[in-house]
Amino acid sequence: MTSEPLLTVSDLRVQFRMGGIMAGLSGQPTSIEAVAGVSFSLERGRTFALVGESGSGKTTLARAVNGLQVAAGGSIRFEGRELRDFSKSDWKPVRRRMSMMFQDPVGSLSPRLSVRSILAEPFAIHGLSGKDANAEVMRLLALVGLPRDFADRYPHQLSGGQARRVGVARAVALDPVLIIADEPTAGLDVSVQGEVLNLLNDLRDRMGLSLLIITHNLHVVRQIADSMAVMYLGRFVEEGETEAIFAAPHHPYTAALLSANPEPDPDKVHNRIALPAEVPSLLARPSGCEFHTRCPFAQDKCAADAPLPARVGASLFTCHFPLNPETGAALAGAG
Amino acid sequence: MTVLDVRDLSVDFATEDGALQALKKVELTVPKNRIVGVVGESGCGKSTLINAILGLLADNGSVTSGRILFEEGQDLAHLDGAAMRALRGRKIATVFQDPMGALNPVLSVGRQMRDIQYRSGLSRREKDTRSVAMLRKVRIPDPEKRLAQFPHEFSGGMKQRIAIAMALMMEPSLLIADEPTTALDATLEVTIIELLKELQQQIGCSVLFISHHLGVIAELCDEMIVMYAGEVVERGTTRDIFHNARHPYTRKLLACDPARLSHRAARLPTIPGTLPDLRRRPAGCVFQARCEIADGVCSTMPPDAVVTEGHVARCWHTSEALAVEATA
Amino acid sequence: MSEQALIERRPLTRLGGLGRTLRRIMREPLGALGLSLVVFVVLMALFADVLASYPSTKLSPADRFQPASWQHLLGTDHLGRDLFSRVLHGGRIALAIALGATGASLVIGIVLGLIAGYGPRWLDNLMLLLFDALKSFPTVMLALTLVTLTGPSLTAVVVVVVLVSVPGYARIIRTQTLVLKSAEHVMAARSMGASTARILAVHIMPNVIGPILILASMDIPVVVAIEAGLSFLGLGVRPPMPSWGSILNDGFANIRDSYWIVVAGGLPIVLTTLGFTFLGETLRDVFDPRLRGRG
Amino acid sequence: MLRYALKRLGLGIVIVSVAMMMLFAMVYVIPGDPASVALGPRATPQMIEALRARMGLDQPIWMQFLKFYTSAFRGDLGTEVLSGRQVLDVVFEQVPFTLALIAGAISWSVLLGIPLGCIAAVRRGGFVDRVVGILSVAVIALPSFVIAIYSLLIFAVALRWLPAIGAGEPGNLKSQLMALILPSLAVGLGWVGYIARMVRASMLETLEASHIRTARAFGLSDRRITYSYALRIAILPTITLLGVGIGHMLSSSVFAEIVFARPGIGKLVYEAISVRNYPIVTGAVLVTTVFFVVVNVLADIVIGALDPRVRASFD
């Protein structure tokens, strides 16, 4: 058996139509590319994090991988099969193998269903109700550390952390191999964030899951992800092993994101990379390197030519004038 | 000299299931020209505290004890509507969390900035000139043109800058900032924090800065208070609290912040348990149910124990607390 | 999230037990009045045969234009028919049409609304256009046209009611479905592989049906008014079948001399519409304060 | 703004076209032939055939449809079968009377409804709020023809304060206004309730918005916040409601015109039905429909002028 990764995404593109006929006639662009040619792969049992600010396309990318969003181009290979041209009925068995968690812990649970019905739903959808549904619900509640009587609660009676646990339980109900988690800690207090990340880490180890995490929170990435990618305007600007990127980011945007995280230490002296300008609109992508409008290190070349992806060690980035070239070189030499 | 001095403040909300004590004996001092942070998790009473200070409590809320002394000794807790209104906007300005909703959607930015200068007695043109100058200070590009625009034509970060410009336009002595950066991306968050710091020094006002983000508090604030379930469990200088926290809750909260971990941890620290029901507060310490060093004495109300000058923790066991870490 | 929001986070329209619902309605003065009126009107219609002392269509030329008296509680009309009996039997017809037509509009409106909201964009646009066009005919004008072609009948009344109320229901359902379509719990169901039918039935319908039921209950008096209005114009219930509207019509012709006929025809309309409206308003305030001021 | 207005206008034209299509379909689908309807039960087959030919009913459906469309857009709604007059002329003769009635009804509902709604919202939970609340629900519930008949009975028949029938003497403004009071009240009373309730509800909703909290935090006066910051937003749904309300008022005006024996489109149609004058019915329906759509386009344009967000969402 070949060691093909669990998930391989290549040159994936997602487009949204904008405006109506009028906009088209008046010469405005009629579509934007929210995901503009993204490639990565995820090995079994590993965690990959997509990082980016709002509007970077990370959620759209996750939904495209999950088939909730139609991709305009590229390929999604999962367990050795190409998902891009799958029909709705082809997708159904895939959904047992790949589940998704959504941002809002409470809002992603159907408001009028009890926790019991919510947890039994995956079995009902896939015609597995023959199994003792109640026993399965109890098993799942135990798995995520919730008391049995939570089965009779409704989503609005749960705290954010509890609702998130129910979401995790539902995601692992059918023994998937991949979980896509969109901002698993959004809206949760720090004391609860840890609980959720611990739970995800545990389940990954116990069930041999792979995780695809979407987040804007770099601390979360560091605590959970083996490798990561930084998205800007629908493209990856840097991708690699998490520890390597935290130690020595190559792309100025990655460095800016890392430096933009205020640390809870009043004596810390900050060496910030400030990004004063606004994020450009997807309707008017900048020329050359798309980050040059905000990059503090931009030179003439950056506005003219788009940089090609460069590899240093395990990291891949797109920048004409990368930071930390020496560390990068050292890594490359070591590898 | 202090700008704001909150003493023994308690606030109740009437609910269908009885009175809910949202704030209990809150103590807070904002000295002149200083930035004071308020930190706490959801349900800790941060928003109620601001609303009480601004006199904007919901109809079912009321101040049941305490005083909110402002500057020369006006008690905001017992000020009538007109006197309170005279302070708001002029002496006490506010920046709210939600930049999308904070501006009136059907009035131009210029009109709204003009309206808040109604006490100045300036002509329309003079008001606009001041608005432009203020927008320039918060680094809105092309401010003359942008006065005529409506809020939906600005990005979230710009709207928050406009909100700050409006708040500081009348050079208030106290700026209350209620999670002003929570809705923004990290790169915008730091620019707003730096802007606030810079303008605070320029104008020389005091700031009460509310946030759940420990890093932001550490970076911006001189002093801070930590709130839990409507009580101030610890207060002191930011350095005191981050380096020498003496309340078990503060210690656990600090330990939970993944930003404090420089390396990947096998297990992240957490605080097991949940907030107490504020309608049925426990007797004594509000944190005892989740505290591993709690003992019999904790079922009586703990004192505000002084650790060092200006550093106070509401706990019976401030020395033992040094051993407390969050549960991993 | 503020403390207030945490405290007040409760589901919209959670219907408790019937007993609790009734108690909550009776606690409001307007609700108590509305419920009593509705019960009164319904009982009068149900037991029309027992309560009425004369057949509703019996002509009695000798008793023409009798004012109210113990023999004729509401007097008699120009053909000597007992108005009290006609009002009771007219109530049956009015309520039956109101319930039937509202029920039919509700079912059609919900189905069309779900299709428009969850279906493809072009279908949504097309249906919205049709709804808008249909709504742009003033109700009575539409009824007049229809009845000119088909002649007056009960069916025509029901068709008119369905035509004018379906666009409203469908639009509300459509808007809410559209919001829910991109809600995370629906996305979650899709990501689990749930069929469209299951998503609509389990994840969308239960969340949109509450408000629409309350709105429909408030439309019952509107339907009563449409039936009475068309019958008043002679375009609804055909004589000699009794209808509140046709009693009004009979009375209107003789308004200068025999005022009690219009009183007899109008009173039940007033009581019924007020009763159902007060009840509906209270239901809505009790279960879904967010709907206040709509519709 | 101009682009927004043009878009709304374009949409209005599309809606009218679709409505015409529906009207045409209704006539065609419903069993019953306009010619035989017009001539009544005693007509001979030859007479019906002749009339069908005169009305163009013997042509293929698409031809009829095309003709219906093209002539309608030229303003030609056909000729009345019996008198041979232009339908449009007959209908337009009645338009001023109905317009006056609707204008009167709108005046009642706006002049009473908006202030009542504002007061109720500002004094939320107070005595005035409760009374306005109950009264507005009550007047909404009551059908307009019942209000018309009872007000006729009370004010015209019993008390004789106001005229019972007609539209007043031509040229005598006072008598015309006197004749307008009862009918316009019958049409507009329910709308006083609707508007009071809508203004109250959207006012309360707006007063809770976070930008109003901002305005308060800047110390703006309650007066300015209520009437300048909040009412400006709260009035928007009321304008939409009035646009839709015109349709209901047109319906109610049919009853008011019949009860008060007032000339107008409603009365025209009603009388046309009794003599089965079918082209008048469709012609009048078409005119009222166009009127309704135009009013709603205007309402949308006014909202666009008042609310920059609406304009933006159309760009």
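Order of writing sets the chain letters: A, B, C and D. Residues in each chain are counted from 1.
In the analysis below, a residue touches a chain if its C-beta (ideal position, glycine included) is under 8 Å from a C-beta of that chain, and two chains touch if they have at least 3 such contacts.
Not measured: the values here are computed from a predicted model.
The fewest steps needed to get from chain C to chain D, moving only between touching chains, is 1.
Pairs A-B and A-C differ in how many C-beta pairs touch across them, and the larger number is found at A-B. Measuring from the averaged C-alpha position of chain A to that of chain B gives a distance of 32 Å.
Per-chain CA centroids place chain A at a distance of 50 Å from chain C. The residues of chain C that reach two or more other chains are 1, listed in rising order.
For chain A, the set of residues that touch two or more other chains is empty. Shown for chain B are the residues that touch two or more other chains, namely 42.
Interface residues of chain D, counted against chain C in their complex, comprise 14-16, 18-19, 21-23, 26-27, 30-32, 34, 37, 134, 137-138, 140-143, 145-146, 149-150, 152-153, 157-158, 197-198, 200-202, 205, 244, 247-248, 250-252, 254-255, 258-259, 266, 269-270, 273, 276, 278, 281-282, 284-285, 288-289, 292-293, 296.
In the complex of the two chains, the chain C residues touching chain A come out as 1, 9-11, 183-185, 187-195, 198, 202-203, 206-207. Considering their complex, residues 63, 66, 68, 91-92, 95-96, 99-104, 107-113, 121-122, 125-126, 154, 156, 167, 170, 187 of chain A touch chain C.
Interface residues of chain B facing chain D in the complex, by the touch rule stated above, are 54, 56, 85-90, 93-94, 96, 98, 101-107, 115-116, 118-119, 150, 152-153, 163, 166. Against chain B, the residues of chain D that register as touching in their complex are 209-221, 224, 229, 232-233, 306-309, 312.
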